[in-house]
Each structure stands twice: as structure tokens, then as C-alpha cells.
Amino acid sequence: MAVRLRAVNISTETRLSTGTVATRRLGALAIVMLTVLAVLALIISPEDVNQGSTVRIMYVHVPTIWVAYMAFILTAVCSATYLSGRNRSLGWDRVAGASAEIGVLFVALSLLTGSLWGRITWGTYWVWDARLTSTAFLFITYIGYLAVRRLDGTQRQRARRSSVLALLAVLEIPLVHFSVRLWRSLHQEASVATGGTDVELDDLMLFSLFFGLAAFSVLFVWLLLHRQRMLYLEDAMSSQGLDAAIEARRKEAVR
Amino acid sequence: MSPRTSRVNVAVAVAKKDLLVEWNSKILMNQVAPFAAIVMVMFAFALDNDGILQRVAPGLVWLATLFSMLIVVQRSFAVETADGALDALRVAGVDPAAIFAGKSFALMVQLCALETMLVGTAVVLYGVELTLGGLGQMVVTMVAATIGLGCVGTLYGGLAAGVKGRETLLPLLLLPVVAPVLIGATRATEAAFGSGGAEISEGWPWIVLLGIFALVFSTVGSVAFGPLVDE
Amino acid sequence: MEHASFIIGSWVVTALAVGVYAGWIIKRGRDLARRSSDKDFPWT
Amino acid sequence: MNTVIDLKGVVAVLGSFPALAGVDLSVARGEIVLLQGPNGAGKTSLLRVCAGLLPIERGSGTILGIDVASQREDIRSRVGFLGHANGLYLDLTVTQNMKFWAATVGASDAEVDAAMARMRVDGRLAHVRTAQLSAGQRRRTALASLIVRRAEIWLLDEPHAGLDAAGRDEIDHVLREAVGAGATVVLASHESERASELAHRIVTIDGGGAQ
């Protein structure tokens, strides 16, 4: 990751990319913060009294799910803004789409790191715990959202469909979460989920955790800016293609 | 909306039309219901144990319902797109909320018929025993679950109608959404069947969950259906 | 460190996934920017 | 208001293909306008824009005084549209189809019976499923359902397709009658001789524009 990002920093083609001075600084900041986080989490911070060294996974696991939630909330907010807006700027839709994609990536990572942690702590990769189960549903829901974004149609069609879908997801997710919690609370078979998870944080651990949230938030903003600009370019190119096609069609007709 | 008719009349006409289509074509009866029944039989092969079957019968009934529902929803919109009827409905200025209500209702009726058959199959094949109280609770569960399923099915079926790859898109969108119905209906049915020694009183909280789901998606569906289907 | 492979594995997988994603974004962003006939982007 | 269709520089897109690349069209009340042009010229798309089915990407215009860019939904209930597809439910009989479409617009049973008799899909055909009808019979059923709509603008895409001579005559008759009652008709047809006899005016379109 670090190598690739540095390649951007030395790029001389300032205009021909989705980067700017600001995103380059942000990217550098993200790399530095993530490196510091890795050192803090893997070397400096102490082992947890109960969890032992497995707590070191938490420093990456917690920020990933944090980013995912942030991303999905942003998707919903942007979708609502798009639908309520008078001029219906497609920019909101692009931010919503970019954010959802990043969210899907981070939910996947969160599920993955979580299951590795679970393998050590509970001896199994997966338990049918309420939080895990509803996170899995969250993951699939947004994969569906991304699939709908890729459907054929004009940019406005895409924006309208996916915005409505994103708002439906906002209703669906609490319902799924609530029902899964109800399901688990009345069927206490997964008692393993409640054992051995208590963490007693000392100051350094707490600092590492919050530092991780900050580092990943910076990373999220960096990714979002670039991804959303990439979508802008894609949309702009398809509009340009359309302009050319209209022009060609006109000439054909005149002749 | 045409000034000569009301939204309710149109919704009734749409529901009647969908049920007439089924009455004439008998797809549900001759194809979907046998499919659901064979799924129940296959479950029995896969699990191969009378005790387990009795215990998990409620979940299997609802799983079979969900799989069959995917087919019924596809069919419900294939009828609309086969000869451009959906376009004709739009040009007729028919209120999307009325289309949503009518199609949802028709779907609910069909699902109820299917569920009744599946519960019957569970009684016969899996040796489930239904008391009178259990039967009453089963009916309430079915109604509550079906309202939710009908609304969600119509909503997402409309979105998938007429797009490329709808056969795969619909399950991807629909199954995560109906997870609460699967959970709620299965637990409520366990109570009704008395599976694993469950008491009837344990079922009511789950029926409340089904009710909330039905309420949310019937309200939201009638608003969201128009923008999702249009264009 | 106990369970080192799992812990390092979590970090490596995350770094790799994010790295590949970031690399793809940048590369594709550049390709698109180069191919775009209008070179005046809102962010430049 | 005498102009019922007034489109300027309309661009409409199917996927990423510009079906209409800046078309102007102006139609006065009571006119019968024939759209002519080669296959793929955009006749169908233009009719769909007029029906409020296809959104316009650029350009502007009004149908019956309603803005096509922002209020497509309001246009729909006032126009009648017959596309390439007939808009029928193939598992329903002719009568069941007719009753359904009548219910969506609030037409009476008497109107339904009259329209079915008019298009000769009554009697023996009335209780046949539309899937089992011939192409021409289905077309006639679709036209009968259009009659009960009592639309202000009739938009017809190849209404003569698949019909026998008697059926074509009947359509022309129905259209003239509708115009006599104050409606406007825009149609696309390859039956150029017959259609140009029917039409007051011929508009040639070729994607890029209409003269």
C-alpha cells in the first residue's frame, strides 16, 4: 500500500489524475498514521489481561467496522439529499455510490478480521451471534445495492433507483438487526459469544484504539475523494460519448 | 390518475386481474406448489431423521415459502412485461401506489394458499401436531408474515422487472430483506407447532415483529414503488 | 507473541486489500483522466 | 390553446444510444400527423416521449401545455399510446383484458361492449385468451382498449401492422371519428399510401431532426 501511494506523491502529472495537493497530503498523512498505528498495535501496546495478544487484532478490526458504518450512513445521507434536492445534482449520487463501495470493502475486512479473532478466542471462525449475523446481512444488502448501481440505464435512472434503495436499506438494517438480536436473546445457544470478550483498557490501549479510528477515518476520506472523482470521470466520459453520438446522429440526419 | 376512477378501484382491479391471470394459467397450482412440495420432500431426505424433522419443520416451511415466493414474484412481473402491459399501465396514468397495493394483495393471496399447503405438508410428512390453539396462532402468523412478504416481494420485484439479470438480482435483493420474516415466522410457528416443547405464549412477541415488518413495508412500499419502477 | 500468524495475518490482509483497492482507484483515475477530452476537472 | 404538442431540440437516450438527437415537432389540435422515416429513425422513441414514457435528456417542450421535462407523469393520463407491444395480458381473455383496462380509467361496461363490437373482437372471440388470438386480432383488442381511454392525443406506433384490409379501414375510421370529436392523432406507419391518405400532414424524421 505504502509503495503505491508514494508513487502518487512523486507524480508530475498534476492535472491528469484524481489527485490534488490536498489529497496527496491527506494520503501521506494516512500512511504515516496507519504505520504509527501498526507499531502501536503490534509492538508498543501491552497485552490485554483477559484477551492476551489477540487484542492486537482489535486495533484493526474495530476501525474497519467503524469506517463501514460511517460509509453506509454517508450513503444514506447523500441519497436522501439527492432525492430531496431541487436540481438533483448527480454529485450526491456519486458520493453515495463511492461511499457504499468503500463500506462493502471494509465490512468484508471487518468480518474477516473478526472471524480470525473469533478463531483464537472462541475456537471457531463464526458464531451465530446477533452482531455477526446482522453484519453479514448488512454486507449482502450493500452488495445488492452495488449490483443495482451497475444496471443498464442513464445516469439519472441509476441515481434514482439506487437512492431509493439506499433509503430502503436504512429501514431494513435496523429491522434485521432488531430481529436477529431478538432471535439470539431468546435462544442462548451461542453462550460462547459472551465469554472472554471483556477488555480492560489501559491508557495506552485506549489511545491506540482511538488513534486507529482517526487513522482509518483519514484513509476513508482519502479513498472517498478519489473514488468519487473516478466516478465523476466515468460519468463525464459517458456524457462526452453521448454528446459525440448525438452530434454524429445529427450529421447523419442532415445529410 | 384518471378523474373517472378512484385509487381504491384501480387497486382492486389490479388485484383481481393478477388473480384472474393465475386462475386462467394455473401456474401457482400446477408448477409452484408442486415445486414447494418437492422441496419439503427433499428436506426430509437431507435431514433423514424423524426427530430432527419435527423439530425444524417450522423453519423448513418458511424456507420453502421464501424460495417459492421468488418464483411467484418473477411470474407476477413477467406477466406485466411480456406484452408491454407495464408501459400501458403507466400511460393509463395509473397511480403506482394503486398498482403496488393491488399486486401486493394478489401476491399475498397466492402466498397464503402456498403456506397453507406447506403447513399441511409438514403435518403429513413431518408428523407435526397442531392443537386448536396452535392452529389459531398459525393463522395469525401466516397473515402477519404474508402481508410483509407480499409488500417486499412486490417492491423489489418491480425494481427487478425489465432489467437484465433479474433472475439473479431478485434473490440477492430480496432474501436479506426478508430475514426478519424468516426469523419471526419460524419462531412463531415453532410455538404454534410446539416444536422442541415451545409454548404457544412464546409465539406472540414474534408475531408483533412480523406486524412491525408488515406495517413498515406496506407504508414505505407504496411510496417507493413508483420511483423504483418508473423509467 | 501468541497466535502471531492470526494477528499478523489480519493486518496483512487488511493492508493488502486496502492497498490493492487504492492502487486500482489511482490507476483507473489516471487512465480516465488521460482519456478524458475535457481536462478541466472540478478539483484542479 | 391550439398547439397540443410542442417539442424543441428534444434529445432522448436509450441506454447510451441517442434515439433522438434534437427533434422539433409541433402538432395542432385536431391534426392527424404521420411520422415517416427509415427503420431506427426514432419514430417509436418520439411517440414514447410524447406519451411521457421516455424521459428527455435535453431540449424542452410541452404536451397539452404540460412540461415534458418535469411533469411527465401528468401527461400520461391524458394521452393514449399503442406501441409495438399491445399491452395485453396474454393469460386473460379479450373481455377480461377489456374490463381491466376499462376499470383503470373508469370506463363503463357499455363503452367496453361498444368498443369490442367496433373492433370486431366480440362474440366468439370475446372469451378467447389473447395468447391464442392471431396477431391481427390482438392488435384489434389493443385498439379497442384504446378507444375506451377517450384520450386527447392518440399516439400510435404501426397501428396497421398485422391487420387485414377491413381492420385497417376500421382503424382509419376510428381515428377520423376521434379527431372529429376533438382529439389529435400522431401515428407512425409503413403503410405509407394508406396513412398519407389519412394524414393531414406528413413529418419526416431521421433521429437528428424533423421537418
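Labels for the chains are A, B, C and D, by order of writing; each one numbers its residues from 1.
What we mean here is this: contacts are C-beta pairs under 8 Å (C-beta built on N, C-alpha and C of every residue); 3 or more make two chains touch, one makes a residue touch a chain.
All of these numbers come straight from a predicted model, not from anything done at the bench.
Distance from per-chain Cα centroids to the pooled protein Cα centroid is smallest for B. When C-beta pairs in contact are tallied for every pair of chains, the largest tally goes to A-C.
Annotation: 13 Å between the Cα-based centres of subunit A and subunit C. Rounded to whole angstrom, the centroid-to-centroid distance between subunit A and subunit B, based on C-alpha atoms, equals 33 Å. Centre-to-centre, using mean CA coordinates, subunit B is 36 Å away from subunit D. A separation of 52 Å divides the Cα centre of subunit C from that of subunit D. Listed for subunit A are residues 152-153, 156, each touching two or more other chains. Of all residues in subunit C, none touches two or more other chains. Among all residues of subunit D, those that touch two or more other chains are 55. By the definition of touch given earlier, these chain pairs are in contact: A-B, A-C, A-D, B-D. In the complex of the two chains, the subunit B residues touching subunit D come out as 1-5, 9-10, 12-14, 16-17, 20-21, 24-25, 79, 82-85, 87-94, 231. Subunit A contributes residues 137, 140-141, 143-144, 147-148, 151-153, 156-157, 160-161, 164-165, 167-168, 171-172, 175-176, 178-180, 182-183, 186 to its touches with subunit B in the complex.
Within the complex formed with subunit C, the residues of subunit A that make contact are 1-2, 4-5, 7-8, 13-20, 34, 38, 41-42, 52-54, 56-57, 60-61, 64, 105, 108-109, 112-113, 116-117, 119-120, 219, 222-223, 226-227, 229-230, 232-234, 236-237, 240.
Residues 51-53, 55, 73, 76-81, 83-93, 96, 100-101, 103-107, 129, 145, 149 of subunit D touch subunit B in their complex. Across the interface of their complex, subunit D is touched by residues 152-154, 156, 238, 241-242, 245-247, 249-254 of subunit A.
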